[in-house]
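Below are two complexes that have chain A in common, paired first with chain B and then with chain C.
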Partner chain A sequence: MSFDSPNLATLINGRDILLDSIPMLSLDVLADTMVAAVAAGQRVASMFAVSTEDAQQAAEMYVILADDHQSRLFGARARIEGGEFASLTPRCPQVQLFEREMAEQFGLKPLGHPWFKPVRYRRSWTGRDAWDRPADQAILPGVGDFYSIQGDEVHEVAVGPVHAGVIEPGHFRFQCHGEQVFHLEIALGYQHRGVEEALIGGPTKRSMHYAETLAGDTTIAHGTSYCQVLEALGGCQKSARAQSLRGIALELERLANHVGDLGALANDVGFLPTSSYCGRIRGDFLNMTALLCGSRFGRGMIRPGGVGFDVDDARLTELLHRLDTAEKETASAVNLLWDTPSVMARFEATGPLPRQVAIELGIVGPAARASGLARDARHDLPSGIFHFAHLPVSTFDAGDVFARAYVRWLEIQQSIEFIREQCRAMPSGAAQVAVGELAPNSLAIAINEGWRGEVCHVAITDGNARFARYKVVDPSFHNWSALAYVLRNQQISDFPLCNKSFNLSYCGHDL
Partner chain B sequence: MLKIFVARTQQGHRTMKYPDAPPPAMPDRFRGRPAISAQKCPDGCQDCAQACPTGAIALTDKVRIDMGKCLFCADCVNACPERAITYTGDYQLAARKRQSLVIEQGQNEADLWAALDARLKKLFGRSLKLRQVSAGGCNACEADVNVLGTIGWDLGRFGIQMVASPRHADGLLITGPVTQNMELALKKTYDAVAAPKIVIAVGACAIAGGPYIDHAEVRNGAEAIVPVDLYVPGCPPHPLTILDGLLRLIGRIEDGTRQTPQS
Partner chain C sequence: MLERLIYIALLLIMPPLLLGIINRTKARFAGRTGQPLFQLYYDLAKLMRKGLVLSNTTTWVFIAGPVVTLVTVVLAGLLVPAGPFASPISFTGDLILFAYLFGLARFFTTAAALDTGSAFEGMGSAREVTFACLSEPAMFFALLVLAKVSGTLTLSEMLHGPAGGFPASAVAPLVFIAIGLFVVLLAETCRIPVDDPNTHLELTMIHEVMVLDHSGPLLGVILYAASLKMFVLGAVLLHVIVPIQTGMAWADWALFVIEMGALAVAIGVVESVMARLQMRHVPYLLVAAMLLCGFGFILVVR
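Let's turn to the complex of A and B:
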């Protein structure tokens, strides 16, 4: 089903557009257009506010819609006067967190929002407060109303922010009846370090490093997205070689994390063989990234205009050799999972995410594909090397922990084959070229399929070609709501397993 | 069951012999301790300091690099017209004193930390239980701390273990720049650890704020909240850098021992 509207500008992934080409709608028309687009199968990839020159009186709201089936992106905007707008959440649940974020960052009130809470527990950028809190009142993370249930034998379990393992901080509230979870509410913001705000006025010498540390395990996908935004604004043509190397780095990042996740899932059901093997093999994939650029997390690999490190034939041969070994060892470790009834008994039917719920919540990445949605930016909205190398989209239909594990295994096999092909046919060209002067008064968008799902960066430049706004959407921002959803009617003891099956980023959400 | 045994033989025994044998080979492009050749510096040149994203380079009478602030990103190397700064493969970066992380020419072998004093070594030398607090940052330091628990590194063989409660812990291992939103939780966790206790700051963020240094939302590292006993530089530090720091701290590697990785 295709949806076209004169109210929407067509955007192209990895390209820029003049701000004047983006239609300025009324809030009502924008809302109706979004609802119609989402009903026709599109989803909200990004939604954010931008300061205007009269920041105390008005702000602009930007919306980016993705049509995965037609491989198209759309954009529109509206002016918000007087610090409030009608919440779209009741008609379109997937914008609930975006609206809360706009409220927190700009003090804009989404009237009628059904669960209007802060996102990261901080003061707004504008001085205006959407919750009308006094300026001298401390804003404490995780403090405020939580959904609660009353009744006999009903109890509440609170976990975090500091967790039992080596894990990022977050606060989880479970409403339970005995072992059964009725409701889980997740409060984040503990990792908030002010990156989006710091990017305004850029690019600066820190911007690339901010991008690389938005989520440390997604350094390549976020780094690539940031560079593509700059390259779009600078009219820069990268070499095929640089694009191929970026693709290899992206898939190595996916391999390390997917293999690590399968090991961690095995650990959470007490199956130690796969846990031990995958924990170690994950390191082998990280070391392959270090072979390319010296850093296990790919720091320094992706740079504006290309890559920071080139490769010679000897390095590619070494990479291929290591890949062969890791492939065999991964298969040996992972296939044990599917052959072990005690593992499958815990994986199957645990934490199911129905396909329709995944659609309504705007879920992305392996979590969406495990619920039967053929949604993968490498295929649907390709950029860079993925214009030329087509990876099949790996899906499964069960939506449970098993499906999320199995989709990872399918993707591991695809990624290894992709890297092999790229190494064997590495194109020539410069590793890095100059980016050029950035275009003023423009919007540039870059979307990449990170290992957790869609990474979306949008930059808006001012008249001096500086960032007037830089919006980052980590896949976790979409997907935390899915984790909360799947816990309903599960045993609380299955929380670690469900949690690991999504393995979401706290820092990528908190920014 | 048979398949599990077959896989077991395929996977082999993987725990490294280090520290009783040389440590595993580091990647040839690994960026360890920086080396400075200040005699190459053109007069008045400020390029490296201006390129540094975190202000880790000071050019006064000498060129000084603060490894506590350094992201090991090579922006200075690329900016320098004379290649006066290079990264060596030296992974032994951890230090007991903050000042030891500031290096200059001729002192590229920074004071290697000292081990714990005799009393603490007696207490913690054979059994050190740590509570990890992630306080901002990007989760890369946490990821490579976790790696130390995998079978290749097997931190447990040194009596070092990450525990699930501050009440079980001898100290904290802190990552991240300490966000405002984690300040109270960090303080409470520290207070809940029984004395005597130690604190280990892992990564550029926990030492000085990392890429977020001087953001209003962060406290520029753990030291603003709690006293720190061991600093492990890097963004993130390599697992070997972290392990080396821990082993020297508990006296498992003797003072001044320098180990060359396998080539």
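Let's turn to the complex of A and C:
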């Protein structure tokens, strides 16, 4: 089903557009258009507010819609006067966190929002507070009312922000009846560093590093997205070689994390062999990234205009050799999972995410594909090397922990094949070319499929070609709500397993 | 007298080694070298030198928990004979004491956990007593089978069996209770598939979560008592699986130590080749153990 509206401007992934060509709608028309577009199968990739000259009086709201089936992106905007707007969440649940984020960053009240709480527990950028909290009141993450259930034998379990393992901080509040979970509410914000604010007025020397550290395990995907935004604004033509190398780095990042996740899933059900082997093989994949650029997490690999490190034939041969070894070892370690009945008994039917819920919540990445949604930015909204190399979308129907694990295994095999093809036919060209002057008064968008899902960067430049707004959407921002959903009516002891099957980023959400 | 001294020495010294053997077995399966065999001894020595952190909300029960557990497990150990040798303490009906010493230990462990007022520890206590409701009858049925077969109510004589060894008609019931007791051993000592001793995830733990607030020497006492419990239950199980004796005292002691080590390897193998059960499926396993032991009992009384 295709949805085309004169209210929406067509955007192209990895390209810029003049701000003036994005239609300025009234709030009502924008809301109706979004609801119609989402009903027609589109989803909200990004939604954010931008300051105007008079920040106290008005703000602009931008919406980016993605049509995965038609491989198209749309944008629209509206002006919010007086610090209030009608919440769209009751009609379109997937915008609930975006609206809360706009409220927190700009003090804009979404009237009628069903669960109006802060996202990251920070002061707004404008000085206006959507919750009318006094200026001298401290705002602390996780402090406030949580959804609660009253009744006999109902009890509340609070986990975090400090966890038993070495993981990031987040607070989880369970409403339980015995071992059964009725409701889970997740409070984040402990990792907020203010990256979006820091990027305003950029690009500066630091901007690239901010982008690389948005989420440490997604360095390549965020780095690539940032560079594509700059290249779009600067009208830069990268060489095919640079694009191929970026693709290899992106898939190596996916391999390391997917293999690590499968090992961690095995560990959570107490299945040792796969757990320890995958832990080691993850290191082997990280070392392959280090072979390319000297950093196991790919820092310094992606640079505006191309890549920071070129490869020679010896390095490619070595990479192919290591890839062959790792492929065999991964296959034997991972297949052990599917062949062990006690592991399958834990994975199957645990934490199911129905397809319809995944659509309504706007879920992305392997979690969406495990629920039967063929959403993969490498396929639907290709950029860079993925214009030329087509990766099949790996999906599964069940939506449970097994499906999320199995989709990862399918993707591991595809990614290895992709890297092999790229290494064997490495195009020539310069590793890095100069990025020109950025275009003023423009909007540029870059979407890439990180290992966790869709990474979306949007930059808006002012009249001096500096960033007036830089919006980052990490896949975790979409998917945390799915984790809360799948826990309903599950055993509380299965929470770690469900959590690991999503393996979401705290700092990617908190920015 | 010498026998008793040797046994008490073994009872007090050997248990932490079992954990070392299990961990090395698991490491071998996982392709790792694993921690030293004597790691738990080092850990205990370290914990005993450490300070103690006590929460303001806790009372004497919090400290009594580990202490009572250790005392009861040692007492239970003194009732169990090692190999062909007599147990240090023994009297008619001591099997009831044996079972309820574990019950007392459990009561104090859970009471100490509830004493902290933590949601996790309450959850762990609930799980512990729920599963104990199922593993206790399994153990009782197993002891009843042994009592019936040997015609005595003294644990020591029950485990040694009637003079001339267990009769051929008792083989089937003994096989049943051997399986049942092995499951009880895994459940009581918090091993996979019932519990995961290595997990750091408080929401999935059973036994480990009840002792989260204990530190220093108290934690050391808990770890030591847990290994003792494995040794004691293992000693009971060995009588049922391998009722062999050479007749030479030194060989029997060596055999006992080797058998105990082999049992630890077996536990390690079970932990390595299977995943942990879903929490709500654990009762199925324990009910199965109970039914096996119960069926064994029916076979001997029919």
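Following the convention adopted for this analysis, the second predicted complex is superposed on the first by the 511 of 511 C-alpha atoms of A that agree within 3 Å, B and C clash if a C-alpha of one lies under 4 Å from a C-alpha of the other, contacts with A are read in each partner's own complex, and residues count from 1 in each chain.
Basically, a residue touches a chain if its C-beta (ideal position, glycine included) is under 8 Å from a C-beta of that chain, and two chains touch if they have at least 3 such contacts.
Keep in mind the model is a prediction, meaning the values are calculated, not measured.
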Touching partner for A:216 - first (chain B), second (chain C), both, neither: first
Chain B versus chain C as contact partner of A:321, first or second or both or neither: neither
Partner touching more residues of chain A, whether chain B or chain C: B
Contacts of A:164 with chain B and chain C, given as first, second, both or neither: both
Which of chain B and chain C A:179 touches, first, second, both or neither: second
Which superposed partner A:133 touches (first chain B, second chain C, both, neither): neither
Which superposed partner A:340 touches (first chain B, second chain C, both, neither): both
Touching partner for A:270 - first (chain B), second (chain C), both, neither: second
Touched partner set for A:390, first chain B, second chain C, both or neither: neither
Shared chain A contacts, counted only where both chain B and chain C touch the same residue: 164-165, 273, 276-277, 280, 340
Complex contact set, residues of chain C against chain A: 26, 29-32, 119-120, 122-123, 126-127, 192-193, 196, 198-204, 271-281
Chain B - residues contacting chain A, complex: 3-4, 7-8, 10-11, 14, 27-31, 50-54, 71-75, 131-147, 149-152, 162, 164-165, 176-177, 179-182, 184-185, 189, 210-212, 215-218, 235-236, 238
Parts of chain A lying in touch with chain B, wherever the complex brings them together: 120-122, 140-141, 161-162, 164-169, 189-195, 198, 205-206, 208-210, 213-217, 219, 273, 276-277, 279-280, 282-283, 286-287, 290-297, 299-300, 308-309, 328-329, 332-333, 335-336, 339-340, 505-507
For the chain A and chain C complex, residues of the former touching the latter: 155-159, 164-165, 178-179, 266, 268-273, 275-277, 280, 340, 342-343, 345-346, 350, 491-496
